[in-house]
Amino acid sequence: DTLRLLTWGGYAPENLIEKFEAETGHTVEVTLSNNEEMIAKLRATDGGGFDLAQPSQDRIAGAQAEFGIYKPIDLSKLDAALFIPSMLEATKANTTYDGKVYGVPHVWGTSGLVVNTAEASGVKDYVDLCSDDVAGKVSYRLKRPTLIGFAFSMGLDPFAAYGDEDAYKEILSKVEEKLISCKPNVKTYWTGGDEITNLLRSGEVVAAMAWDTGGWKLNAENSDITFVAPTSGALGWIDTFALPKRGRADEAAYAWINFVMKPENAALVTESAGNFTASKGGDADVNAELKARYQKSFPQEAIDNIKWYPPVPAGLEAFEGSVLDRVNAAN
Amino acid sequence: MAEAVNDLDCRDISKNFAAFKAVRDVTFSVPPGTFFSILGPSGCGKTTLLRMIAGFLEPTSGDLLIKGRSMLDVPPNKRPVSMVFQHLALFPMMNVGANIGFGLRRRGVAKAEIAKRVEAVLERVGLPGAGPRGVDELSGGQKQRVAIARCMVLEPDVLLLDEPLGALDLKLREHMKIELKQLQWEFNTTFVYITHDQSEALVMSDQIAVMNHGVFEQVGTARDLYYNPETAFVAGFVGESNRFAGKVEEAGGGTLKVRTPSGLPLMGTAAAGSLAVGDAVDVFVRPEAVRLSPTSEGVAGQPNVSSGLVDSVLFNGANSRVLIRDAATGGEIDVALPQTGEFHSLKRDDPIHIGWDTAQTLCFAAAGEGS
Amino acid sequence: MAEAVNDLDCRDISKNFAAFKAVRDVTFSVPPGTFFSILGPSGCGKTTLLRMIAGFLEPTSGDLLIKGRSMLDVPPNKRPVSMVFQHLALFPMMNVGANIGFGLRRRGVAKAEIAKRVEAVLERVGLPGAGPRGVDELSGGQKQRVAIARCMVLEPDVLLLDEPLGALDLKLREHMKIELKQLQWEFNTTFVYITHDQSEALVMSDQIAVMNHGVFEQVGTARDLYYNPETAFVAGFVGESNRFAGKVEEAGGGTLKVRTPSGLPLMGTAAAGSLAVGDAVDVFVRPEAVRLSPTSEGVAGQPNVSSGLVDSVLFNGANSRVLIRDAATGGEIDVALPQTGEFHSLKRDDPIHIGWDTAQTLCFAAAGEGS
Amino acid sequence: MIPTIRQSPLFRWTYRAYVLAFFVYLALPLAVVCVFAFNDSLFPSLPWQGFTWDWFIGTERPRLGVFNERPIIRSIWTSAFVAVWVAILSVAVGTTNAFLFVRHNFRFKNGLYVLMLLPLVIPGIILGISILVASNTLANNLEDATGMWFDSLRPGLPLVILGQFSFIATFATLVISARLEKFDRSLEEAALNLGATPLGAVWAITIPFLFPAIAGATVVAILMSFENFNTTLMLVGSDAPLTITMFDRLKEGSTPVLNAVSLLLMVASAALGLVSLLLQGRKT
Amino acid sequence: MNASGKRLTLILLMAPLLIWLVALIVIPHMEILYVSLREKVGVREYEFGFANYMVFFNEPLYWNTFMRTAVMSILATALTLLIGFPVSYYIAKLTRGRSKTILFLLCLIPFWVSELVRTYGWMILLRESGLVSGFLQYIGLASEPIEFLYNDAAIMVGLVYTSMLFMVVPLVTTLDSLDDSMIEAAYDLGGGGVSVWREIVIPHAMPGIVSGCIIVFMLSLGNYLTPILLGGKDSLWFTGLIYSQFITRFNWELGAAFGMLLLVLSSTIVWAGLKLSGQTLTRTVGR
C-alpha cells in the first residue's frame, strides 16, 4: 500500500522511509504541514486524502468534536511496549473523545526561548523579549503558543482557565495588552521554522520564542546561540499519530507506527527532527552532542517546570484568533 | 427554357435577409463557354447572388440549375461550380501545389495523378514548376492565376469570380483584365464574373447583366449597354455621361424636345418606352458625343448647341477632358477632348461652343436613380 | 535661383539610408500657388523626399528652403508646412471639429476663435456643421476633406500630400481628383503632391516632376511630359505606349530610320540628345497616334505602316482599344479606337492596316528602364 | 517620441538609462536566485561560501541535490501532470469557445462573454475557496445520499486541475479567439467549394490556421499552471505541485535546493517560451 | 448548412462553455454566498443570518485591513502603470524588428518562474543581511546594515514586480497599434511632446491602460504570498485574513463572507474604473 503521511518537517526522514519500504513493501508519501493546516486539510477532505496524521495531542479532541475527521485507534494493533508508558497514558487520556482514543504519542518537545547569549544574555523569560536592550531584534509567532507562553510568564495560568470561558478571556485580554505594547520590539512575526533559523543565524534577531530544536541546531553552528527554558516554564507538546477518518491504508499506518517507535528507528527521527520521541529506549542511540545540548537547556528543575498542553476545548481558538488579529492590527 | 442545355439557369431567384430583399426574382441563363459579368454598384446584391449559385446561401425562392440539374438540394461541396474569391482565399498553410491539389485530394484522386494534373494546370496558367513555392512568395498577379488554376483543375462546369481584381493595384488590374479574358478563352469554361467596375465588365465580357437594388436592369453585350441602355440607371452607370433633368415639350417621330429647368432646349431620342409631352425625363449625353468648336459656326449644324467658358482642362493624355461651364444654365458639361490633340491648347476661361446629335441624346422617364 | 520668393526650394537634396541612396541631388523650386506633383513608381523615393520637407527625416546633404528660409534646423512642429498622410492619420479619439482645431489649440488660439475658424474651413471643404461628427462616421471622401481642412485651417505655406487617394476606391478616386484640384484652386495654396498614378498627376498638376531611382527625370507640365518626354523612362511611364526596340539605320534632318530585330522599319524622331547610325534605341508610339484602316490605301500616306489581324477588341466605351497582332513581327500593337465609333464593328481575326506619323514615333537611346 | 522626431540627446540617453534600469529591476531577483543555487552553504543567502554543484547533484543529506530529492522530483511530476491536463482542457474549451463567440450569434451572447471574462477578475484564492466549498458540499450530499465515497470531489489533483482550468480557460479563449477573428471565412468556403465537407474544411484549413494560437495558448496554460499558487493552495490534497512543495520548504528546511529547482524551472520556461515563439513566428 | 445542423453546432459549442462557467464559477460562488450566510451557533449547529457580515463591519481590524488592501492595491496599480508605461512605449514605438521582440521577451522573464521564487529572490535582496544592504555598505552609502524587508515598501516592490508583465503586455499591444503617422500628424500640426502624449498617445492607449490596470489591480488585491513573505508585522492583507479564517481558524463561514466582500469590493472598484475611463470590460480585457 501507499501510506500518505501528513506530518511535520523532520518526522519522516528519507532514510527511515527507505528502511520502512524495504522492510514492509509499503511506500510512503509525505506531506509537510502544521497543526492548523492539518486540521484544515482534513476538514476540507472530510478526513480523506491522508492515511496518517500527526497533530499535537492537545488539538485532537476539539477538532474531532467539531469536524469528526479522525477514526478511533485500534490499540490492539499497536505494540504498547514500544511506548514510554506515562506518555502513552497521558496522550490517550487527552485525545479521548466520546469514549474512544484518537491519538498515540510520537515526538515530544518544548517551545521556549532561543537566545543569542552573547548579545541578549538578559532574556530569561518570554516577557524579557519586550525589554529595551533587545528592541527591534526579537521575534515570535502570532499563534496560540505565544499567548500561552506570555500568560505564564506574566504569572497567569491559562491552562487552569481552559474550562472557564470568562476567566480565559480575562487572561487573554491582559496578554493582548502586553503583546501590543511589545510590538515595537518585534522585528517580524515569524511563520516558519526556516525563517526564524535564518533570522537568528544572520544576527538579525538575537532572541526569539521558538522550538527547542531550532535552538540546538543553531548551537551546533554558533555556540552563542542556544535554547533556553524560560523561567516560567517551557511549553511541552507531544505530537501524535492519528488516523484520518477516511484513510485507506490503516494496515500500513499501524505498521508505520510500530516501525518508527522501535528504538533504533526513533533515534533516526530524533536525529532529523531534533526532538526526542515517546519510544522507550529511543534516546539510547541518539548522538551525544544532542543529548548534551538537551541537558544543558533542561536541568531537572526545568524539566519539572514544563507546562504540558491540556486538550484545547472546541471553539477556544476563535477567541484566541481575534486576540491575535488585534495584536496584528495594532500600531 | 434554352433548347441547348445552358451551363447555368437562374429562375426567379430571390433572397431576403429578414425584411430586406437583397436579390429579387432574378432570371437569366448562361450558355456554355460564355464570359458572363454581373455589374452593379456596391450593395446591389451581386455577392448574394453568386453565393447562392455556389451554395453558401439558400435562395428564399426560385430555382437554380447547372447543366439543367437543379442545385437546390446540393451542398456547396458537391456542386460542379468553383469559385475565385475576392481576396482569392489561397490557403496560406499550403504551398501552391497543395493548394491546387486540395480539391483533387478531396475527390480521392491518386497522388501521382494529382501531381500530374497540378503541373498541367500550372503550365496552362503560365506558372510551370511553381508547385513547391509558398503562397506568400507570389506576386499579386501570380496569386490570381493560382486561384484560377485551383478551380480549373477540377474542371468545373461554371467558374464564379467575385471581384477577383478588386485587391490589385491599378497597373496590375489593367494587365489582369486582359489576362483573365485570355484564360477564359483558353479553358473555354463558363465564367460568371461580378464587379462594380464597369471597365472590367466592358472589356472582358461576352454578356453583361447590370444589377441594381437586387434586380437585373439589363442584360446584353458591352456595346448594347453602352450604346443602347434600356434604363436611366444603365445609361448613368455604364460609361461616363452628362446628365440633364428636364420635361418633354414636344414628342413625335422618335425625336423629343426637352427643356431643362434652366431653359436649355435639348433634342433627344426616347431610349426606352414611350414618352409623352409633359413627362419628366432624365437625359444622358456621353462626353465623347459632344463636338467642340471655337466658333458658333463650327457646331451650327448640330441639333443641340450651347456655349460657355472652359472651367478646367483635365489633361490625361488620350483621355483628356474639358469641363465647360454652360453659359445658359450655369451647369457643368464634361466633354472629351479629341484624341487628335486639336483642342489641347484650351485653357481656363476660354470661350467655347459645343454641339451634339439627337441620336446620342438619350431620354428616360425620370426615376431618380443612377450612379 | 528664383527672383520672386518661391514657396519651396530644394537644393541638391540627398538622402542615404546606410549605403542606399534613396534620394539623389534633387533640385527644384515651387512658386506660390502651384499644384506640384511628384510622380514615380513605388520605391523611387517620393515619400522620402516629402518627409524631408516635412521635417521627419534629415537630409544627408543639400538645403531646403520654405519662403526663402532654410528649414534644416527647424523641427517638424515649427515648419510652415502641413501634411496630408497616405492614410490620412485623422485622430480617431477626437471628433471632426477637435481634429481640425488641434493645430489651432496648439497655437493657443482662443476657443471661440477656434470654433469660428473650424466652421469656416468645414464650409469651404463642403462639410458645414460636420464638427461634432465622429471620424468613423465619415465616408472615405469626407475623411479626405477633413484631413485637408485640418491642414488648411493652419494656413500653411505649403501643403504636402502623400498619395492621399491611394486608399480610396476607383469611382471615389476619380471624383476626388477633380475635387482636390478645385480645393487647391480655392485655397490658392501651394500643393506638393506625390503619387504613382500618372492619371492623378496629369489631371491635377500645374507642374509634374517624374522621379525614378531617387532622381528627377523631368519636370514640366502634364503636356510637356506626355508629348515631349525627355527620357525613355518618362515616355514609358507617363501614358500608355507601344514600345519597340531597334537599331538606328539612317539618321539625318531630325528623322531617324530604325529597324526592329524582326525587321519592321520605323521612321521616328530623336526625342532627346542625338542618335547616330547603329545606336540601339527604344521607340515609343502612343495608341491614339496610330490610324486604323480596313485597306492598305487608307494608311498609304503614313511614314510608318503595317498590317495584321485583330487579336482582341477591348471595348471600353470612349476608351476602347484594339490589340493587333502585327503580321510582320508577330508582336502586339495596342491601338485606340476612334471615339467616333467608326471601327466598333471590328472582331477578332479581322484583317486591318495601321499607320502612324514620324513625329509621334519617339526614339530614345536604349537604357532598359521603363514602366 | 518616435524615431523620426528628433529629441535632445540628453532626453534620449535618460530614457535609455531608465529602460535599462527597468530591465535590471526585472532581472535582479531571478539572477540572485540563480547565483545562490551554487552557494556552497546550507542556507540560500549571504554570505557567499564558494561555488558548488551540490545543490543539483549532491547525494548526501543535508547536501541533497535536486536530482536526488525524491519529494521535489515527485512534485515536479505532479506539476507537469496538472499542467498537461489543464492545458488540454483549457485549449479544448478555449477552442470551442472561440468558435462559439466568433462564429455564432445567440441570445445573451454579450452576457455570456462577460461571464467568460469574469475569472480574470476573481482573486485566485476566492476561486480556490469557492470551488473547495462547492465540491465539499456536493461530496457531502452525494455521500450522504449514496453511502459511497467521492474522493475526487475532495481536495486533490482533480480539484487542482479544475481550479486552475477555471481561469486559464479564459486566457486560452482570448488567445484563440483573437486568431480566429483574423481568419478569413472565405478560406473555409473555398475549401467547401473545392469539395471538402464542413467538418473537413475546419479540420484541413481552420485548425491549421489556428495552430500558432493553440500552441501559444498551450504554452501559456502550462506556464500559468506551473506557477499558480493561490488557487492551488486551497485545493491541494496529498500530492503537492512544485510551488506548494517549495512554499512548504520555505517554511521548514529551505536549502539552496530551492534555488536550484528555480534555476531549472527558468531554463525550462525559457525553452518553452522560445519554442512557442518559434511556432508563432513560423506563420502569421 | 441547414438550420437544424446550425442549431446542433451551436448547442455542441455552447455545452463546454456552460459546463465550465456554471460548474466552476457560478455554482461555487453561489455556494460561498450560501456558506457566508450561515451563522455558527454551536458545535455543528448553524442558522441562517448575516452575523458573519456583521462581524466584518463591527471589527475595525477587518474593515481596516480591507481598506488598506484596496488602497495599497490601487497604489501598486498606479505605480506599475507609471513605471511600465515609458518602457512599453519604448518597446512599442522606439524599437523595431528583432530588438523589439527581444525587449518584449525580456519583459516576460519574471513569468518564467513562480511568484514564490520571484518573491524569494526579493527576500534575498532586501533582507538586513541581504545584497542591497550589503551593496550600500560596500559603496559607503550606509554605515550599518539596513532592513528593507518586512514593511509596506517591500510589499510594493514585490507587487509591482509581480504585476509588471500584466501591465506591459496590453500596453505594448495597444501602443503598437498606434500608427506612427498619428504622432507625426500631431507634430506636423504644431503639437509638442506633452500635448501629443495627452491628446494622442494616452487616449489611444486607454483600452490597454484600463486592461492592464484591471488585471494588475485584481492580482494585487488577490495576492497572498507577497504580503506574507515581504510584509512586516503590520502588513496585513485581506486575502491573508481569508486564508487564516479558512485554514487556521477553521471558520469557513466568516471566511466565505470575507470572500464575498472581497469580490464585491473588487467588482465595485473595477466597475468604477471602467466608468471613469469610459471603457467596457469586453473592449479592454476581452480583446
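We just call them A, B, C, D and E in the order they show up, numbering each chain from 1.
One rule holds for everything that comes next: a contact is a pair of C-beta atoms (placed from the backbone, for glycine too) under 8 Å apart; a residue touches a chain by one contact, two chains touch by 3 or more.
For clarity, every value in this text was computed on a predicted model and none was experimentally measured.
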For this session: Identify the chains in contact with subunit D as well as subunit E, in label order.
Result: A, C
Seminar exercise, completed: Per the C-alpha means, the centres of subunit B and subunit D lie apart by a whole-Å value of 56
For this session: Measure off the straight-line distance from the CA centroid of subunit A to the CA centroid of subunit B, and report it in whole Å.
Result: 91
Exercise. Where in subunit A do residues touch two or more other chains at once?
Worked result: 191, 202
Seminar exercise, completed: Multi-chain touching residues of subunit D, meaning two or more other chains, are 4-5, 45-46, 198, 250
Seminar exercise, completed: Each of the following residues of subunit B touches two or more other chains, namely none
For this session: Mind listing each pair of touching chains for me?
Result: A-D, A-E, B-C, B-D, C-D, C-E, D-E
For this session: Enumerate the contact residues on subunit A facing subunit D in the complex.
Result: 4, 6, 8-10, 13-15, 29-33, 41, 44-46, 48-50, 191-195, 198, 201-202, 246
Problem set entry | Residue numbers on subunit E that touch subunit A, as the complex places them | 43-44, 59-62, 64-65, 127-129, 145, 147, 149-150, 228, 232-234, 236, 241, 244, 246-251
Problem set entry | Interfacial residue positions of subunit C with respect to subunit D in the complex | 51, 56-58, 75-76
Exercise. Can you name the residues of subunit D that touch subunit E in the complex?
Worked result: 1-5, 15, 18-19, 22-23, 25-33, 36, 44-46, 92-93, 96-97, 99-100, 104, 106, 110, 112-127, 129-131, 133-135, 137, 162-163, 165-166, 169, 174, 178, 198, 223, 226-230, 233-234, 242-243, 246-247, 250, 258, 262, 265-266, 269-270, 273, 277
Exercise. What residues on subunit A touch subunit E, complex-wise?
Worked result: 36-37, 39-40, 43, 63, 65-67, 183, 186-189, 191, 202-204, 314-315, 317-318, 321-322, 325-326, 328-329, 331
